[in-house]
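So that you can tell them apart, the chains are marked A, B, C and D in the order they are listed, and the count of residues begins at 1 in each.
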Amino acid sequence: MRFASDNTSGAAPEVMAALMRANEGYDRSYGADTAMDRVTALVRDLFEAPEAVVHLVATGTAANALAIATHCPPWGAVFCHTHAHIAEDECNAPEFYSGAKLVLVPGDHGKMTPGSLTAALATTGEGGVHGVQRGMLSLTNVTEAGTVYSASDIATLTALAKAQHLPCHLDGARFANALVATNASPAQMTWQAGIDILSLGGTKNGCLGVEAVVLFDPAKAWEFELRRKRGGHLFSKHRYLSAQMEAYLTDGLWLRLATHANAMGQRLAAGLRAKGATVPDAPANMLFPEWSPGTHDRLEAAGAHFYRLNAPEGRERARLVTSWSTTAEDVDRFLAAF
Amino acid sequence: MRFASDNTSGAAPEVMAALMRANEGYDRSYGADTAMDRVTALVRDLFEAPEAVVHLVATGTAANALAIATHCPPWGAVFCHTHAHIAEDECNAPEFYSGAKLVLVPGDHGKMTPGSLTAALATTGEGGVHGVQRGMLSLTNVTEAGTVYSASDIATLTALAKAQHLPCHLDGARFANALVATNASPAQMTWQAGIDILSLGGTKNGCLGVEAVVLFDPAKAWEFELRRKRGGHLFSKHRYLSAQMEAYLTDGLWLRLATHANAMGQRLAAGLRAKGATVPDAPANMLFPEWSPGTHDRLEAAGAHFYRLNAPEGRERARLVTSWSTTAEDVDRFLAAF
Amino acid sequence: MRFASDNTSGAAPEVMAALMRANEGYDRSYGADTAMDRVTALVRDLFEAPEAVVHLVATGTAANALAIATHCPPWGAVFCHTHAHIAEDECNAPEFYSGAKLVLVPGDHGKMTPGSLTAALATTGEGGVHGVQRGMLSLTNVTEAGTVYSASDIATLTALAKAQHLPCHLDGARFANALVATNASPAQMTWQAGIDILSLGGTKNGCLGVEAVVLFDPAKAWEFELRRKRGGHLFSKHRYLSAQMEAYLTDGLWLRLATHANAMGQRLAAGLRAKGATVPDAPANMLFPEWSPGTHDRLEAAGAHFYRLNAPEGRERARLVTSWSTTAEDVDRFLAAF
Amino acid sequence: MRFASDNTSGAAPEVMAALMRANEGYDRSYGADTAMDRVTALVRDLFEAPEAVVHLVATGTAANALAIATHCPPWGAVFCHTHAHIAEDECNAPEFYSGAKLVLVPGDHGKMTPGSLTAALATTGEGGVHGVQRGMLSLTNVTEAGTVYSASDIATLTALAKAQHLPCHLDGARFANALVATNASPAQMTWQAGIDILSLGGTKNGCLGVEAVVLFDPAKAWEFELRRKRGGHLFSKHRYLSAQMEAYLTDGLWLRLATHANAMGQRLAAGLRAKGATVPDAPANMLFPEWSPGTHDRLEAAGAHFYRLNAPEGRERARLVTSWSTTAEDVDRFLAAF
């Protein structure tokens, strides 16, 4: 009953097995390992993007901060949701790497809207040299509220940014979960929807620690490499990053793991709703249910792990996250305790 | 015959086994895993430093850059050897993290001397507010030239720095090799010799990718944590860093691996000298031999890997690095090809 | 009829005369000029702060950015009003100098409230190492909306910050106007109200280009000097900054100029209200009136300068700023044209 | 007998008069003043560069740091002389603004040579992503040793840089003195010799505090403006910068002032040599003479101001700087005291 976060899970057996295989013998360092070529080929194939450049780092914060720094100048604004991970949970890493300012775009349920983005764009960069300039757009999918943008949602928002000539980033720490939840293809959710650079998460969905940064425009590839090294994010024994990502993307493992995580999330949501909890629509693997007072204590006493959140008077609210390793039995025990 | 770098080796079986064990079940994220407590206890015990604070990162550049940023203000000078890794091989990462300037201190065989450090200290920070201020000292052991500082060498240099109230950092990417080469204890080589913060390398000596930063003064611990997160170097599934470092430091594995690597290095040095190569004294696992023209081609034709370096007219020069996984047979085949 | 900004005015005759006198002969450079000692003495006397340290720079953005960088760590949040000058008009300079993040605190009429600050404090720094930490408070007086905080307002807000151990900055680009508008003494408005560091504006109120940064706690004085130099803000011929500030603070010139500017502002406000414009309460020298459509064009046709602002449907809105050099005739001609 | 620095002098009467005239009435702020258009026209005409973009700042450190940041990426190396002002006297400002690393190029008498620059270029940027990349060249004329590069010297050095596609900066804090000393035209010394961006000093040569940054390639103009604002270096009452620079460049004032300063320097050099001092060749306004022990004290007792420098055993060494305001009588009194 470990629902605090998908990062409390371990790694999938296929990933661990790949790591073991990668450990045999000697290999070139710093990204020149042969597995990295296979990773690039896999990404290009899966994303129908034969020119895409792929670089690996070990953390999502590194992926996001480097992606942003590569696309936004120090005097630029990064338009992101008020509660975006880059705004709330990365201790200023995006600002540190880029020098840019985050401009917060509101919206219910973790999603900015065409209206709120239009308003933010309209009031930024209008002060000539005095104010921050419009820099780039950064979306998150699955959002921090557990909701998802459809590929069409994304295309609508990126079109607003592109009308201002702004590059567009997608923080896909839970990208596989978003794909599964929306039945979109990788290409549909990214470059076909106007995304220029993607943080493609592996860690939360069955890897140990690896994120792929996918640059659909290869023009920034060398700059990205220099920023990665300058940030201390280039692995010498890079083969261990490649091995994880290769296994993750091979034979659809990433989507199978996400499908399972989402299914467990929906089983949990359905069960909670059936028992009277209020569970806002969240089609992937992260739920923000409300329930009546006393429930928190009762669930924890039964051994459940989750985050307690602020709630309206007379209610309790929680964050529950399922993962590739959540079992139906975990869910059902939780529901029984509930 | 893979002598290009110790980072082309894999990880030791004990480390891989620990990684597999760490993968079982759920664990707390972001450094709150139980193995991390054991890592801290191991370091404190091995270094006879019950107050030391230990934090893990995945790369040596991250360890160094964060250590420097935590101890040197943006207007400070970091005194380091002309060919220090932080000066030549980290793409400005120390400057990026700290804002400081590296002041290069010369010296033969990769080692600064009391004289060259005294001279550098004397000519820095004398310009009042106009020039860079004296900031900190950073030494490397094993040095980039394969030589080692004894604990006493280090104490002499740190005393010069401490007379100016400067904190002292040791880049120990090959710290175990230096310990073995000098028969010093961890405490003798570090805090007893005036070192305030240590980058304790695991990656090159049998791990996949982990370095411990050891702060002998706990006052900077929280700042270090914030800088680590802000740099994107805090792992969510931190247990995989802890597991590596725990295995590495348990039952003397780190010293056994380094002892082997050094022994292979010395076997190689002795063999080359016996066959007429010039091999400068280098008591650990990294050699910079010179030999006659044509040797490079002959060795590579036989399947050897190493770095070709610039050499005096009429000579050839190479960098050879042995590791925990180098075999005596590798060495002997190389010598035969030579 | 130049009401666009107080920075379109020239410098007061007393300031120009002082500049001419300062030009005689030779003087020490980089702040060691004798006039600077007199400036420090004047500030200490006027602010009843015998320990205060004073440094001069030439622009308000430099003063603010350096003040913030000296008091807020790179992982900190600067709590400021949504429309603060540091947030909207300094092209990320505070972030550039400090590395910090600005957390925007809302409030009507350019003023944050105890409630809005309490809410911002409550939701920042609660995420452990993941989120930005609470860093400092920055208030502006006169505010960007032309309103003023009383000394008591400031004390209430700084008390909330100090309960979290946060240093407090006052952006006083129009500090003299705020003093005059509230009848507060310099000490009452600053250190007695919890302000640790003040940007004391001279430029807008009759100088050519000079701002004093007053550090009520001398502990940060040397760091400030290093940051000023590192930012390129230390003048070699510093005497010309000192001369301006000395003349400005001598014999109450600064307060006389501000008294006049405010009086012109209030004459304008009263006249506009009498003629039917809506003029929100703004007791200093900056007004944000609303009037009926067509007025903008009519005023400009008559030769008036001001900023056109966004307005509600069916209305027009302007920013009007008076200065030390505004004449009653200017005001009356404007009212006549209106 | 004030020979410590040319920044202990005041401003020329023509400059002060222009400042007074500029103070009349109202003017547009932030560089939109009409005098700025005239400054740009003057620079374009004097430099025979009809496309050049000109921006003003108040300090030489700001001019240099902004020029470098605009032309060198954060992972780049700035090749400069070991004793360049940007290396020794700007408290890391160039690194702060650019993120770049200064690579020190040696050379006698303050001048790098084609050989030393070639060597530095050859050993930088060869490490792939690991090391700092080649970024730009920065020369200083007059050098910190009082020597000068001829236009031809500059062209030789910039050609080496341009073979590596590096932009070239000239720190011309004493640019007028260099022109006069070499009989070069502004165009010959700059863009015709491969210079892309110039810090054109006014402060040391008769202004209060103003430096023009001249971008011969207008492509970087907007970026420069944003960096200037973000650094806090955009003056609101910009007219006072424009007025200084306009007067300085009008009717050859800048060259007349420099001609005088240089003549005084050469009068001093000739007199000292005639009386037995060793005065290295230095054809502008800055001398580094050596003389016998006791001379320092004797000169200071007579009222002379200068910098004492380190000297070989049994000698004394000084820095003497003449300026536009040095009189022949000053020089002769100094010689008499000597």
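Rule of thumb we're sticking to: a contact is a pair of C-beta atoms (placed from the backbone, for glycine too) under 8 Å apart; a residue touches a chain by one contact, two chains touch by 3 or more.
Fair warning: this is a prediction, and the values are worked out from it, not measured in the lab.
Undergrad: Touching both subunit C and subunit D, which chains are there?
TA: Common neighbours, subunit C/subunit D: A, B.
Undergrad: For the interfaces B-C and B-D, which has the higher count of C-beta pairs in contact?
TA: Answer by contact count: B-D.
Undergrad: What whole-number Å value describes the gap between the mean CA coordinates of subunit B and subunit D?
TA: 42
Undergrad: Centroid from C-alpha atoms only, then distance subunit B to subunit C, rounded to Å. What do you get?
TA: Their C-alpha centroids are separated by 50 Å.
Undergrad: At least two other chains touched by the same residue of subunit B: list those residues.
TA: Subunit B, residues with two or more chain partners: 30, 74-75, 90-92, 96, 129-130, 133, 226, 229-230, 234.
Undergrad: Looking at which chains touch, is this a line, ring, star, complete or other?
TA: Topology of the interface graph: complete, with all chain pairs in contact.
Undergrad: Going by the contact rule set out above, which residues of subunit D touch subunit C in the complex?
TA: So the residues of subunit D touching subunit C come out as 2, 5, 7-11, 16, 19-20, 22-30, 57-66, 90-93, 96-97, 203-204, 208-209, 226, 229-237, 240, 305, 325.
Undergrad: In the complex of these two chains, what residues of subunit C are touching subunit A?
TA: 74-75, 88-92, 95-96, 99-102, 104, 127, 129-133
Undergrad: Quick check on the complex: what are the subunit C residues that touch subunit B?
TA: 30, 73-75, 129-130, 133, 223, 225-230, 234
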